[in-house]
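Provided herewith is a single structure, encoded as structure tokens, for subsequent inquiry.
Letters A, B, C and D mark the chains in the order given here, with residues in each chain numbered from 1 onward.
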Amino acid sequence: MAVKVLYFAWVRERVGKTEETVEPPEGVTTVGALMDWLAGRDEAYAHAFESRKTIRAAIDRTHVKPDTAIAGAREIAFFPPMTGG
Amino acid sequence: MAVKVLYFAWVRERVGKTEETVEPPEGVTTVGALMDWLAGRDEAYAHAFESRKTIRAAIDRTHVKPDTAIAGAREIAFFPPMTGG
Amino acid sequence: MTVRIQREPFDTAAEVAALTRGRTDIGAVVTFTGLCRGADDGRAVAAMTLEHYPGMAEAEIGRWVAEAEARWPLMGVTVIHRYGRLEPGDLIVLVVTTSSHRAAAFEAAEFLMDFLKTEAPFWKKEEGLDGTSAGWVEAKDHDDTAAARWKAPASAPKV
Amino acid sequence: MTVRIQREPFDTAAEVAALTRGRTDIGAVVTFTGLCRGADDGRAVAAMTLEHYPGMAEAEIGRWVAEAEARWPLMGVTVIHRYGRLEPGDLIVLVVTTSSHRAAAFEAAEFLMDFLKTEAPFWKKEEGLDGTSAGWVEAKDHDDTAAARWKAPASAPKV
């Protein structure tokens, strides 16, 4: 399944790109599993996802938890806790 | 003791004046006693002070309770509960 | 602190600018503006006249602003209350609070409004639509309840 | 409801006027304005850059405004959040709430600010005074605590 992945703030800086389309293997079915898979790609991703419990995710612009299924997602975003307002 | 008394809102309307100087007899030593004495002056005052528990008082521009002594007061005001803001 | 009792309208933006201009330590500004409404408890209101106790109104509001400044780390407070005849849509009251963070600014503004409603010597008389007087507005129990929440149990601000 | 994410400054007075003009049913207007401060936790800040998630920022804030409108009897809500590079004293965020009475306007504004702080996809990066980056601002526990108070135990507004 090809899916668009977006990165923001220090996740973006560590990964080194704002977005990309990735094709995780079939066994990667949840947001958390996708983070594990991304972290294994290279050192930059490993650094970006090293404190995985801190990173928040959104599917199609709605906050989701790590155990949320990614099936059907058009856009998955990873970012640090928000600091707006 | 001569003291200036002010009236506001419907207390003012019922008494028929905004302020006056009164000389209560010696036995009138508290705010509550002053209300009792004023209420006994004539029908207009009796009407103004008929629901005495509702009426608020201030001595020298500070809220006071009915049992507050009036000795030394320069200005005593009577008015309904406030409805500003 | 700025406390003004006036017949004239006020300019909220100018009052905020007066508190914040040239400063870089203020992170939060809360304003409360109270307006005259065209109906009260379902009764049409053509206008209202606000009577006040000159001298005491300023003093009483000043005491509550001082109390707010003691309770919360505020960087400036402005309170303006109008008197005289006001029509629906007219401004009645303004509270502006500033602080480095939002909680203090919000809480102090609410605190001041609760005591303006119940302790500041102002009285509203409404006119009905036919031009006759609809009488003096009665004090509301829920305003006393709102003010009472700041008294118990300690004087420390809520988190 | 008006929700805007923009680089440009905003005019609080114009936003309030847009919500209140010609209306006589609004009795209370609360505004919250957040400003960029020149110091954060004692560290000097020359500027900050606000990054956001375009599309999600509008959607997320819109969801919280809809939630506020469901919880309180509001007559209009405006939320504006800026992004890009901001210097101390610059405006960051505006929340305006209007209602017939003050409690709803105050509570809804606090509610919206608490969720803007913790749920809206914005991230602040600060620059130190020497022009070098001082890094990303960390989320604060007390902001999560502030947001959590609206979740328990019921969704009914406080009195």
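Operating definition for what follows: a contact is a pair of C-beta atoms (placed from the backbone, for glycine too) under 8 Å apart; a residue touches a chain by one contact, two chains touch by 3 or more.
Computed from a prediction, not measured in an experiment: that's the story for all the values here.
Colleague: From the centre of chain D, which other chain's Cα mean sits the farthest off?
Modeller: B
Colleague: Once you find the CA centre of chain C and the CA centre of chain D, what distance in Å lies between them?
Modeller: Inter-chain centre distance comes to 22 Å.
Colleague: Can you compute the centre-to-centre distance for chain B and chain D, using the mean CA position of each chain? Integer Å is fine.
Modeller: So the centre of chain B lies 48 Å away from the centre of chain D.
Colleague: Averaging over Cα atoms per chain, report the distance between chain B and chain C in Å.
Modeller: That gives a centre separation of 26 Å.
Colleague: Spell out, as numbers or ranges, the residues of chain A touching 2 or more other chains.
Modeller: In chain A, the residues touching two or more other chains are 85.
Colleague: Two or more other chains touching the same residue: where does that happen in chain D?
Modeller: Residues 34, 102, 113.
Colleague: Return all touching chain pairs.
Modeller: Those chain pairs satisfying the definition are A-D, B-C, C-D.
Colleague: Would you mind writing out the residues of chain D in touch with chain A in their complex?
Modeller: 34, 50-53, 55-57, 59-60, 81, 92-93, 113, 116-125, 136-139, 143
Colleague: So in the complex, the part of chain D that touches chain C is made up of which residues?
Modeller: 12-13, 16, 20, 22-39, 88-89, 100, 102-103, 105-106, 109-110, 113, 142, 145-146, 159
Colleague: Quick check: in the complex, which residue numbers of chain A touch chain D?
Modeller: Where chain A meets chain D, its residues are 6, 8-10, 12, 58, 61-63, 77, 79-85.
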